[in-house]
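Same chain, two partners: subunit A is paired with subunit B first, then with subunit C.
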Partner chain A sequence: MHDLAALTPLGATAPKVDRIGAMTISEVTDRALASVSCRAGKSTPFQSAAKKLFGTGLPTPGHWADGATYGLIWTGPEQWFVEAPFGTHEDIARIVKEPLGDTASVTEQTDGWVRFDLAGKTAVDMLERLCPVPARRMKKGDATRSIIEHMGCFVICREPDHFSLIAPRSFAGSLRHALCAAARSVA
Partner chain B sequence: MIIPHPLLGPRDSQEFTYLGDANLIDRPDWQAEDAVDRFHDYLYLRDNPAGEHKELWFHEQGDRSWLVVTRNTLTHEIISAELARDVARTRGRSK
Partner chain C sequence: MSQTNRIDGGLIDRARTLSFRFDGKTFQGHPGDTLASALLANGVRLMGRSFKYHRPRGPISAGSEEPNAIVELRSGARQEPNTRATTAELFEGLDARSQNRVGSLSFDLLAVNDLLSPFFAAGFYYKTFMWPKAFWEKLYEPMIRRAAGLGSLTGEPDPDVYDKGFVHCDLLIIGAGPAGLAAALTAGRAGADVILADEDFVLGGRLNAETFALGDDAGADWARAAVAELAAMPTVRLMPRTTVIGAFDHGIYGALERVSDHLPQPAQGKPRQTLWRIYAKRSLLCAGATERPIAFENNDRPGIMLASALRSYANRWAAVPGREVAIFTNNDDGHRTAADLLAKGIKVAAVIDNRKSDAPGTNRYEVLAGAQVIGSSGRLGLSSISVRLQGGETRTIACQALGVSGGWNPNVHLTCHQRGRPVWNEALAAFLPGGALPPGMTVAGAANGAMSTAGALASGAAEAVAALADLGFKARPADLPEAEDAPVRISPLFHVAGKGRAWLDQQNDVTVKDVKLAHQEGYRSVEHLKRYTTLGMATDQGKTANIGGLAVMAEMTGKSIPETGTTIFRPPYTPVAIGAFAGRSAGKDFRPVRQTPSHKWAAEQGAVFVEVGMWLRAQWFPRPGETHWRQSVDREVLATRKSVGICDVTTLGKVDVQGTDAAEFLNRIYANPFAKLAVGKVRYGLMLREDGMAMDDGTTARLAEDHFVLTTTTANAVGVYRHMEFCRQCLWPEMDVQVISTTEAWAQFSVAGPNARRLLQKIVDPAFDISNEAFPYMGCGEITVCGGLRARLFRISFSGELAYEIAVPTRYGDALVRRMVEVGREFDAIVYGTEALGVMRIEKGHAAGNELNGTTSALNLGMGGMVSKKKDAIGSTLSEREGMNRDDALTLVGFRPVNPAETFAAGSHFIAMGPEANAKNDQGYMTSVCFSPNLGHTIGLGFLKNGAARKGEVLRAVNPVQNVETLVEVVSAHFIDPEGDRLRA
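This part shows the complex of A and B:
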């Protein structure tokens, strides 16, 4: 049996938290992630299977939705990211694939991405410096993919003062640098 | 420049990459008798209008959809944007 040490995307053994002015920038590692794509011609059975499994309707373009266990983020036409607690859903792709059967294609994404949560009253001021999405107009339930300093990045509005950013894992260090620089400039 | 994405609303053009003339989605039938001539035209012949031009844009840093954007090459005004798959479907392809 292998006994490997788990590392966070920033390379430490525990997630990093930066507190700068009113902002808290935290690396989030306790969520598992998979992508789910509806297969061609299976839209109707997929929608009912997905609703039963996730406990919420599929979010429309530009939105996310939460069920009891799962969160869904719209990522493209007929494609969503599924989030769930890592502790109970480490093997999320298999857990999600079984009930969806041949209505959808599911791929594991957990270790491909880094997630930072921005919490604080200057979150919108920070995002306005970083990203072309209209962060000030985003409401709870909005989620979209855009760019932050040339890095492709999902911007998810949990609350108007709480955003999640999900970027490719190898950008973790560069993205944290960009976030901390923006946080200092609005502090 | 702002591109009015049909699903996501107005988006900054820095999220997109540009491919070229929208005729590129009309790929000729490779089994046709005159396939060589048609591929020659498909590859090399382009209109270069001063005015309205249909072109393909890819929302790379977004939802990864291909768009057919109608743009005025003189004023850079964007007249419309449609999903390329919808355009292909109206021509009877990609069910």
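This part shows the complex of A and C:
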């Protein structure tokens, strides 16, 4: 076991939580992430291997889906992000690649991103001040790519009052600033 | 002063009294008042001075079309110029000042301009301030700006924040008058997503300003009930205080919500305004109509206003400009005002109706049929009018207010935002929406010519049904109350003939004469007319002026109004503060910043940061006693070359490339060959654009047969990734290759210097042999560090030293740099910033962004030989163009000053000894310059014609910007270790 201490994307030892008005904005650091892309001509074996591994079918464009351990987010043509608990799946790329074999290309993405969860009854009002997605119409299972203050983001609807935003990790401080500003606007 | 001109009734909350100030004097008003209504109630008619002639002016309207009552609101950093008193909502403590005056409002020294008016006619400035030319900028313009400005800015930063917002709907209804409310009820009851936006703070439009009933209710009560029903509908969003400012592409509308302008200042954390982007599947424009004036001599005196405004002030705000009023009209609507004012106990001195036989008769007030108002008196406000009766005799009528009704112009503005041209309607004597409307837009109510209340209600409901039917909703028109349905009866009259000045555009002081003068001087097109006379410019954009100007021009040319044309309306519909367009992108939040994995550590060290794109990178790390940046940078360079230095290089783009065709894919995007790169090896690659110019460079490591990691320069990380996706998805979709960015997933550090290996051996787990034999130059591998953390190691060098780049998952980057500093202490390891990085790469002769500047080819960079002729790659064909392979092509070489004490600047151009320093004699240019602490003098890289063959030659490095010349000697670009022994050590 190595002896290097991890920092969160916001540069602290523990994830930050901001409570503003009705909103709770939480930095989420306990999920491992990997990108999974189907290799050319391997769609059929990939789909069955993926279903078996992830316990859920591959979500279609604009969606995400949950299996028992893994969550899947559609991120592009023939490409998905896989989420899993960090504690058990820190080396997620290796764990996922083995069963998928040569049907997919897998790349570790865990530390490429920062995730903030927005929970509260004004979550949609907040998102309306951040990005052009039709947040009010989104329902559980919807996921899309958007832009927040020049930062590319995934917007994932966990519940109509609970969204996850996943953005490049280096933007963590700026994104949190934008989220808190929007939360104060609607508080 | 008490509210002497406050009458009974109105939609104001008399239970509360608000104090406010105008020009330093304190007044009282009530919630529900605008600044203009409260001032009128207090007997104040004079609210400003005109733009050019400084003539006394009062409000002519009760809405956003107001040209005259323009004030500065608030003070200090929140001071806002050019605000319409007619839309400014009253609040406790509001502080307003009149503008465009020198001295007091009632004694404006620049009113002398009015006496000099014969000199200030249209085109005056163009004709007068021609000579001498140099005077324009220094004397004339500042003078004119001072004399003819609008309000003033404080120059202080705006303390407020502005939000941007994004909303989606099925139907956007613009305007909440009778048509808009009927449409919203219809659409809301059908379950559609509806946005109902209105610029007013009370929804209802003219229903709040009229006295007629809707069914059994007063108009305002019906509106209030409708709004209450809409507010309770989950799919309906009501947006009062929100002006839809523009109709843009693809059903996108801009809307400005004045979130906090009705408050003394925004609540903590709240925006002052929000600029909404509304994505609407359909839109219904219910913007109503604006009454227009009739021009006559001295028709701009405070107290003279639109008849409908007089009615609005009396009915909605219980305020009148005077107790004795007259009406001048060419249509039946003017009589409504007379009747309403009479009912409020105001004396109606006369209704002057231009129509002879069509003027309705009544015994309640005197109607002067076939008469016209030909002048007015009163120094700072109206005291009487002169009327030319039908028989030709003149009569003077005492009054403090005159309501003028010249008919109504439908508010077609938003229908024109995508070049739709309105169409003239003879019956209404007005333009109606026409031509191609913005896709998805329909128009209802007065904006579409349905001028009666019943007509507006019915058309709003019907158009909502039609718009929703397009979207698959089966809506039923809302049940509508009975309402007045009077026809429009009008006899067009735009100005009264006469010799004096009759004002068409009160905001820009444009008179009928000015339009005639413009015509006389050949400006016949309305667009020319506008620019020559300034008719229709500034904050009101001619909402009350344009048609009048057009009518006069039509009269002059002998054409009809539609033949004369109409100016096109552009966004925004009403003025928008620049802050609202900026949103949160202001000050230090102008753009987000990206922080490196070692940012926290670097900040603790007192690093000086530099912006590289959005990244903040440590530029150097000052130590105690170092007072100049060069001291820090020189120390970092020398320490690295002497022992070992560490640098955060995470910002370089990293792209994971996988797939069975990954090697072939790289072979096509790089000019040099990649197919045979062995697993466990790294290769430098040069990427060309299709035109053969260098695009980017970097190293690519082969981690497995079907797995590569490619790096890009920091600046081009996004562009190169995008290019790769384009190649993969569009050029060669048949290839089995997948790419994804992993730039941020890995914290990557360069460890460079003779002791780099020894330092790394202290953290790389013993299972991995990184000796020179086992892990030679340009080797790579997946390893573990610090007891089992997965990591990647690349033996590559930008500095020219024995060097590695080590990568760990980003969350451990901070711990890794701390650990390396700790274990490096015995080697005097230092951490260096981007400046030292730059010095070392120049010393080594490595090209960077200054050299890969978009105008250089592989040949220019001295890498012509790398462009493989054995394969096809992007850019290889066009790099063979003759012009790019000239013998005297620019090539990258090094430069040093002949006198080592001298220095030179990047950007200098090379000129041979002797000839004049000009473009013709130009031999090339210097791209990168630094002081080399290892050599003890300045060194440079640059492009020189046929440079490779000119080593030893002495040239002049000419810097015409700073007027400096230095003699330089052409040398090899590799100042340090040209054989590369250090890299391979």
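Keep this in mind: the second predicted complex is superposed on the first by the 185 of 187 C-alpha atoms of A that agree within 3 Å, B and C clash if a C-alpha of one lies under 4 Å from a C-alpha of the other, contacts with A are read in each partner's own complex, and residues count from 1 in each chain.
Quick note on the criterion: contacts are C-beta pairs under 8 Å (C-beta built on N, C-alpha and C of every residue); 3 or more make two chains touch, one makes a residue touch a chain.
Bear in mind the structure is a predicted one, so any value in this text is a computation, not a measurement.
Of the two partner chains, neither subunit B nor subunit C is touched by A:Phe46. In the superposition on chain A, contact is made by A:Leu4 with subunit C only, not with subunit B. After overlaying the two complexes on the shared chain, residue contacts for A:Phe163 are found with neither subunit B nor subunit C.
Of the two partner chains placed by superposition, A:Trp64 touches none, neither subunit B nor subunit C. In the superposition on chain A, A:Pro132 makes contact with both subunit B and subunit C.
Once the two complexes are overlaid on the shared chain, A:Trp80 sits clear of subunit B and of subunit C alike.
When the two complexes are overlaid on their common chain A, residue A:Ile147 makes contact with subunit B while staying clear of subunit C. Between subunit B and subunit C, the partner in contact with more residues of subunit A is C. Where the contact sets of subunit A with subunit B and with subunit C meet, they give residues 77, 132. Taken in their complex, subunit A has these residues touching subunit B: 61-62, 74-77, 132, 144-147, 152. Residues of subunit C that touch subunit A in their complex: 161, 163-168, 193, 268-271, 274, 277, 279, 584-585, 589, 591-597, 599-600, 614-615, 656, 658-661, 706-707, 729, 734-738, 740-747, 784-790, 808-816, 819.
Looking at the complex, you find that subunit B touches subunit A at residues 7-9, 11-12, 14-15, 60-65, 83, 85. Per the touch definition, subunit A reaches subunit C in the complex via residues 1-9, 11, 29, 35, 37, 39-41, 77, 79, 91, 102, 105-113, 128-129, 131-134, 136-137, 149-151, 168-175, 177-178, 181-182, 184-185, 187.
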